[in-house]
Structure formats: C-alpha cells, structure tokens
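Per-chain residue numbering starts at 1, and chain names A, B, C and D are given in the order in which the chains are listed.
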Amino acid sequence: MSKTGEYSTRVVEHLVLSRDVFRLTLEATKLAAAARPGQFAMLGCGSGFDPFLRRPLSIHRVQGVSGTVSFLYRVRGRGTEWLASRRQGEAVSLLGPLGRGFRYEGNSKRALLVSAGIGVAPLLFLAETLMGLNWTITILIGARTRKGILCRSDFERYGRVLVSTDDGSAGRRGSVVDLLRKVFDKDSYAQIYACGPQPVLVAVSQLSADKGIPAQLSLEERMACGLGACMGCVCQGADPSRMVRVCADGPVFDASEVILNG
Amino acid sequence: MSKTGEYSTRVVEHLVLSRDVFRLTLEATKLAAAARPGQFAMLGCGSGFDPFLRRPLSIHRVQGVSGTVSFLYRVRGRGTEWLASRRQGEAVSLLGPLGRGFRYEGNSKRALLVSAGIGVAPLLFLAETLMGLNWTITILIGARTRKGILCRSDFERYGRVLVSTDDGSAGRRGSVVDLLRKVFDKDSYAQIYACGPQPVLVAVSQLSADKGIPAQLSLEERMACGLGACMGCVCQGADPSRMVRVCADGPVFDASEVILNG
Amino acid sequence: MADLPVQIAGIGMKNPVLVASGTFGYGAEYRPVFDVSRLGALVTKGLTLKPCAGNPAPRLWETPAGLLNAIGLQNPGVDVFISDILPVMRSYGVPVIANIAGFTGEEFVALAERLDGSGVDGLELNISCPNVKAGGMALGADPCLAASVVAAVVRATSLPVIVKLTPNVTDIAGLAREVVAAGAAALSLINTLLGLAIDVDAGKPALGNVTGGLSGPAIRPVAVRAVWQVAQSVDVPIIGMGGICTGRDALEFILAGASAVAVGSALFHDPLAAVKVIKELERYCERKEIGDWRSLIGAAWKRGNSLAGEVR
Amino acid sequence: MADLPVQIAGIGMKNPVLVASGTFGYGAEYRPVFDVSRLGALVTKGLTLKPCAGNPAPRLWETPAGLLNAIGLQNPGVDVFISDILPVMRSYGVPVIANIAGFTGEEFVALAERLDGSGVDGLELNISCPNVKAGGMALGADPCLAASVVAAVVRATSLPVIVKLTPNVTDIAGLAREVVAAGAAALSLINTLLGLAIDVDAGKPALGNVTGGLSGPAIRPVAVRAVWQVAQSVDVPIIGMGGICTGRDALEFILAGASAVAVGSALFHDPLAAVKVIKELERYCERKEIGDWRSLIGAAWKRGNSLAGEVR
C-alpha cells in the first residue's frame, strides 16, 4: 500500500462492451506497479462539485509493461454516466490502489471463482495472478441473459469457465448459485473467491460455512474517503459490536469475518 | 420573441481564436430564424448541478441558411471553461433568443459602433444587419494589446474599422474612449452602439448626453432566469425608484434609460 | 397518463406541481417556454402593500449546486397586481396563489383584506423571507409572533391561508404546530436558508444586501428533513420545496410527507423543469401501477411506523 | 513561500489550515496520500468515553455538491485513543486537537479530565453532532445547556477549550456569545446541517439513522454567514469550516472573520484539497504582497464599517 496516491491519469482506451458496460484503460504507471488483485481505486467523476464523491471501482486488469490499468464498469447513475463520456486523451483523477485485496493460501492450489454480472471485474486480475502462481482455477459466471456474461473469453485463458443465465440463453439455465452448488458437489477447492450481488455472496458465505472451505468475498458499500478515515463504509463484523470498514479492512473479507444482511 | 424556447442544440464548430477566446457555432434553426442583434441566449454549462446557473451569451452571428448561431466568448470561470471543452457533435442546451436587442432609428443612417475586448460579440451581428439596411458604419475596437483585438477582418466587411490598444501594438495607442472622442469630434452619427467594460459604457453614455446623440448600450448583470421572472439582474433605472431588469427590459438600453455606476 | 389530482387548503389542482414564489414571476414570463396551464397552480412573486424597489444590485450569486439571492421583494404592489396582473394570470385557467409579504403584522392583514374577493384562490404568507429587515424571517422565526400574524390574517380573509416557513430555526416542527393551531390551512416549506458569500476579488460580500437566501439542489436534504419532521407533527397538507429538479426529487418530498411540491430555482437550470417533474410523476405512477397517487404521501414513515418515532 | 503562522486558543500553528473532525480519521489514514505534517493542526474523529460502534449502515448518501452522513461517532474510546493512537499522531510534529463528544455534560467533563496531560494540545467540544440522540445537537442548540457544559469543562481542564457550534439554530451569534462567556477560548463553526434523504427506490430514508448531517460545498454559504455573524459578536478566534475546497473558499471564511479554517468533506472530492488550500493561500499572500496574512481576518467587514452593522 505504500504506493497509494492521488494520480492524474489519461484515458488510453475506452471500449463499450455492451449497452451499459465499459472498459476504461488509463495510463497509470505507479498504480499499475503497486496494484494487487481485489484492490480498488476511487475515480473522480464530474467536472464541478456535482457529483461530489469519487466512485470506487475494482482494478480489473493491469498491464505492467505499458503501465496501464483497466476498469470494467456498468453505468449505474450520474457518476458512471459521466465517466462513460470520457474520451481518449482526457484526464481522470484517481486515488489508489486502495484496500486489502485477495489472499492466496491453501495447499491444494485449487480455486473456485464465483461471480455474477459486473462482479467479474476484480476476478479477472485475480485469475491472471493465480495462474501465474500455478493455481488451477474454475470460474463461474452468472447473468440474467447471454449479453450479461462478461469477459468469458478473457477468463478462458486462465481456467475452466462455466456459465449460467436466468433465461438459459447461455450456459446452464438458472442462477450462478445453482451452478455453484452443482460444481461444489463434484470437486474440492482450497479457496472460493466471490464478487457479485448480495444474494450470491450470501449463498457463497453459507456454503463456505457448511462445507468448511474458506471463502473470500469482495463487498460493496457507499464510500466517501476510501482510505479508512471517515467510518462511512461499514459492514457488520463477525463480532457484532464491531463495524468493519469495507474500504480499509476490505473490500475483500473472509466470509467468516463479516455478517451479511439479506 | 415568440420563438423564444428551450432548445437542445449540437456543436457544429468550435474554434479557438486566441488563448481564451472561443467561437462556438451551434445548430439551432429556430433560434437562427428568430434572433435579432443585441439579443442573447442562456447556455447550460456543466453536466451536473454545479455550475448551477446557465450563462448568458450574446448572439454573435446568425447563419440563416445553415440554421446555425454563433457565440463569441472569453473563458472567465467554471461555466465558460466547461463550455470550452465541448466538442463537435456534443449537445448544448440553450434558452433563447432573449431580451430586447438593438433598435435602428435615425434619419442619417450613420452609426458608430464602440467596443472593447469581448464586447465585439453582439456588434458583429448588428453590423451585418445595419449594412443590410444600408447604414454607413464606423466600428471602434479597443483592447489592451494587439492580440485582444477580435474580429477585425469580419467587421471590415461592414464598415470602416478603427483600432486602439493600450500598448500601441495595434492601431492608435490608448483606450477606445480616447479614440471615440477623436472620431466624435470629426464626424456626426445618428446612433452610437456600445458594448464593453463599464468604463467604456460610462464614457459613451456621458458623450451621448453631452453631444445629444442617442446611444444604445448593451449591459451585463448576473442572471438566473433570463426571462424577467426572478428580478435578479437589475440595474438602476433613470427614474431612481425603478430598477430595470437587464434580461427582459434590456440587455440593450438607451443610455438615457439607465444610471450606470462606476 | 396517470391523473394526479390534489386539494390543498380547499384549492383543487389537477396535479401537485406548483412553482415556488419569486422564481416564476407572474407566469407570463415563462409562457414563451412552456404552457404554464400544465401546472397545478401558480404562485406569485411576493406582493407588498406598496410598490417595492427591492435591494441594491448585485442580487444573485451562484454557489455550488445552488444560488444565493437577495431580491428584497421587488414588486409593483398589491393594487397594480390586482388591476393589471391578476386578470392575465387568471386567464391561464389554473389556480392562482398570492404570496404576500408584510413588513408588519398589520400589513399582512391589510394585504389579505385587499386580496379577498380579488379573484386569487389562496394566500401564501411569506413570514420567512431572509432578505428584508422587518417582517420576513425575523417575524417567522418567532413562533408566538408568527402565530399571532397567522391568526389575524385568518380572521381577516375568507381565502385559504397557506403559511410559508423558514428553515432558519432550531425547531421547525414546533413552529409548524403553533402556526397550524393559529389557523393555517396548509404549510409551504421551505423558504431559503440564510447564507452569505464573499466576493474574494472585491474583498466584500458578494450581494448588495450582504446576506441572502440559499436555494437550489444544495438545500434539498434540509428541505426534505423539514417536510419529514413537520408532516409527522401537524395534520394540514404541506407544499414541499427546496431544490426540486426532477420527478425523483419530487417523490422524495412526497414520500416524506408533502401533498404537493413546488419547483423553484431548478427553472434557472432547466426552464422546463416543472413540466418534466409532472411528466416524471405521471410516468412513475403508471409504471408502478399506483391507483391513487396520494397513497404515496408520507409513505416513507407511514409504512414502517418504527421509523416515524425516531425523529421528533 | 509566504509564512502563515497563527495562534488559536494559545495553540501555535505554522499555518491556519486544519482538517475537520471525522473526515481525517487520526491522520495516519491520509499519510499514503500526502505529508500530513504540512497541516496547521490535526483534529481527531469525535472521541467518546467508551468505545462506540456508531450507527447502522448505510451511513453515507451523496447529495448535490454535498454529502449526508450519519456515522454516529464510531471510535475506539478515549482510553484506546490515548494509549494507541495519540503517540502516532504526536509523531507528526503538528498540534493535535481532540474532538470530544459526551452523551451528557458529565461525560464531557470526564473526557476532558482523561485528556488533560495526555499530550493533546487542545480540546474541541462537539456539542453539535446531529447524529446522536443524546448530547450532541440537542445539547448544543440550547444556549443555557451549552454554556453550562462549556463552563464545567473549562473548570475541569488546563487545556484550551474550543467549542464547535451547530448551525441548526435560530440565532448562532447569541449561542456563540453564551458559550464564550462560559469560557470558550475559540469557536469552531459550522458542524453539519440537519438533513434527510429518501431512497426513492426503497421508499424509505436513505440513511440507517434516518436523519444525517449535510456537509460539503453545498453548505458553504451557510457556513460563511455563520462566521460573518459570530465574528462580529465575540472576541475569540474562529475556526471556519463547511465546504472549503480551495484557497479561494478559505479566503471567504477568513475575510468573513475566521482566524483558521478546516478542510473536511472536500478531501473526499480531492484527497489533496487541504495541501492545495495551504499552497493557494501562500500564493495569494505573495501575489498580493500581504505582510501579515492575519490582516485579512474579518477584512470584509472591518474595512467598510458601514457593512458591519447590517447583519447583527
């Protein structure tokens, strides 16, 4: 974390992946050198004081050679909308890398990555890193429809990819949680890594407890400082009297460290 | 004024004339058809609610055939800075045309146009219109230095252009007010039209009163609605108990209608 | 499109979207831009007994997501309003609410008497203007004084009396209770927040009047809080205002307890804001298949009653 | 570069730019981003007698040019602060001001006693937090209660006592006078404005605590007004805060009467905001060739005395 800093970066490439999903690549040499999978950055979104807060986005990919960092994001509201209007060569302010990322432990070096929707964002960087460490990985990607399955071919470079869609238009019909249960019954893993909507995280957390396999979850909360200073982004810790900060104590938590609601 | 409306326009051309002066041309057919010299528009400047207010800019030029309207502006603060970042094809919201423009009266059809700095903006549209009405015009343009003299060649199409600069780098050395006094002593005019900083307007007003030649002044005040509704943009009327609205009663006033301070 | 009828203080409106006093002139000013008869009701610029020249310029100063103003009630006076302006306003076929501002309690009564039978549909008592030295906020921030003025006006007129409150007080709910007890048929909230800006280049206050009133999106959270607190404290309808720019913003006020909303400074950002708010409310009610939109009023605290207790 | 020294309540600072309590943690959090020893002084997150878990999530909600928060004073308690955190804070070589929050007057006294001799350079009494049910704003909005707490704390400690005021009152200048009469050596203003937002999709308040405190550029005009009014009413130095993002913003507060400023929410928009404010103030003083920057304090009303009378 010693390279955490405030950087003024330039847009190198900005791709539209689907109607509302974009991949933004920024020139950010120091960030590229310092970033670890699961960490995030706070991006300035807007020209005046409205929107006021920066937006947290996971580090999706790092190209050490070119010194670039990519983010994969879905346009949700006014901040991401503004971001989507940035063109090549324009400036984006960025604070990062932030937070505690994924940890890689376990003797079997077999990992299961579980994601849904835009939740794939931090897992691509993780998959690449795990492959470099000789892990064997299986990646589950869920979405409502075929179009919602993101980065499938990117992930295929790093491991086995299994897909599910609610409408069956790609992969297995059903939710990624169903898929997860199926896969789980057959194989064994040293670690589960998950990122996605709350129900997916809750299911992974449950399964992790039931089967005694450690899981790491990437959480989201509204953030102001991103640095652990404001106490704004808390989530219930396992010790009920303790609120943990998603930005500084996370965003990646062991499933056993937090109590998810919902 | 019946065509006054709120329009979503597109940038057709955006030229940098000098370090901080831009000419913005928008596709705005209805505005082009309705606009009269001396009128202005309120332009939305910003993507969120900050900056909050629209910026008043004079209509600089109208191309009826192509249905475009041009604005000539100097970057002063955050609103015009944002405007300057708009590129071709991007949208700009605009309310207009607004206000009471210049009036053309007088039997001699001889007009003197006086401006300094960015004050040339509304006078170009006026000059073109007066020429169409067979007026003979003299245009005085003042600035601090040579680089500050704007639109000289444009004006030369419509009449005689005399220039002054504080440092003597173009035209006569001195202020446009000195130039004005000189020109005034020699020739006679049916009307003076002036736009520029307060001291220029005060001098023109004074001269107009002294010599008994009517002058029309284009005033500036901070504005919110631009429509005469909020009473925010007032200036002291000749009747001291009456405050006049620059946006609706002006922005062009007979020098005798208002009391300028400064 | 969904119907959005509402009655405020006995004034029937075809929708709950009004304009905020002082931001819409007398309606005619906005006619070139949109059909003002689309609105639920029109609210006039503050009227005084005599013509009023207002404050010295500058009267406006932009602030982050907001605006400071110190107009100082420039208006032609109630008599010219009744003779020259009101007939035009009435021709739009929309209820007209006269916003009145006395510099003393007696002036409020005199204004109310003058307007009784004039053809306006209701009165909005501006006992909350931060931009005048007498009357205005000084009067409206003191619950006893405020209540006595309201009681006197209610006695003096047959028109429905809406009272507009200032947020520049320690306890707006307490103030609201006093004013309602004195006979207010509805409340408008909020008026502007007392603010000041320094023009750093000039080294002095930016406004001719020194202080001014802060409005616009910047103040919306304060306004929604005021509506939330007051709606749970009194039984009269509330016209909510303060930074409303979109249908979503209007819904915040309605869910917090407002029976109608007014669009003010947003018109300066987007002159079509008020019509957009109407359309967005209509669309919301259709999409959510809401039978009577009035079921939304106060729904944020009526639904989960556990919430309701926390704030008072 | 120009020197910008100042003394606030006897605490010497190399420049008048502080950070606002609760936005800067305990300093260490911002160390990766900039050298925190550049600041005039550090102000801690609000400390309570016992460890405090704070309010339920969500605690943050963005608003136009602002932020609503309802943290509820999450902190490890004063004892852990003294043993584990303060030594680190002191190592930066910058004065440390402890912001303390009691839920009762007695707790304020106990906190002050605990911190006396601990190594902090001063106390900031947070009698203005809108996010706790006891103490906080309820206490700070009542001039008598506030004065009695201040007097008790002043008696209990040898540390300089700075009192932080809430803007959610009818008469902040009157409140300030009471608190200064009770012994406050300096005032901090303003704390957040009481606000509320509705999450329209959820149909209920956006914050876990229902109401929250509004901060950021949105509230700046209210804060500058408060400083302007209070500076002309009392003779102690004022630390001005509320939406300060740039050197120009800081100058607004200084010209209005603040002897120091604090940067808070602006850090969320731009983590380098506080250092930028320092640099911009230095550059301003150089460009304007100002000998002693303190001549700027209150210059907006000291210069033209005719202005000074208008607001009180």
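Keep in mind that, in the parts below, contacts are C-beta pairs under 8 Å (C-beta built on N, C-alpha and C of every residue); 3 or more make two chains touch, one makes a residue touch a chain.
As the structure is a prediction and not an experimental result, all values here were calculated from the model.
Here the chain-to-chain distance from chain B to chain C, counted in touching steps, is 1. When each chain is reduced to the average of its Cα atoms, B sits farthest from chain A.
Chain A and chain B, compared by their mean Cα positions, are separated by 53 Å.
Chain geometry summary: the mean Cα position of chain B and that of chain D are 46 Å apart. A straight line joining the Cα centres of chain C and chain D is 33 Å long. Separating the CA-averaged centres of chain A and chain C is a span of 46 Å. Shown for chain B are the residues that touch two or more other chains, namely 48-51. Contact with two or more other chains is made by residues 63-66, 216-218 of chain D. Taken as a contact graph, with one node per protein chain and an edge wherever two chains touch, the assembly is complete, since every chain touches every other chain. If you check the complex, the residues on chain B that touch chain A are 46-51, 78, 82, 85. Chain D meets chain B in the complex at residues 64-65, 217.
Only residues 22-25, 29-30, 32-34, 45, 51, 53-54, 57-67, 69, 71, 74-75, 216-218, 245, 265, 267-272 of chain D touch chain A when the two sit together in their complex. Residues of chain B touching chain C in their complex: 1-6, 44, 48-54, 93, 95, 221-225, 227-236, 241-243, 248.
Interface residues of chain D, counted against chain C in their complex, comprise 63-66, 68, 141, 168-170, 193-198, 200, 203-205, 209-212, 214, 216-222, 224-225, 228, 243, 248, 251-252, 255-256, 299-300, 303-304, 307, 310-311.
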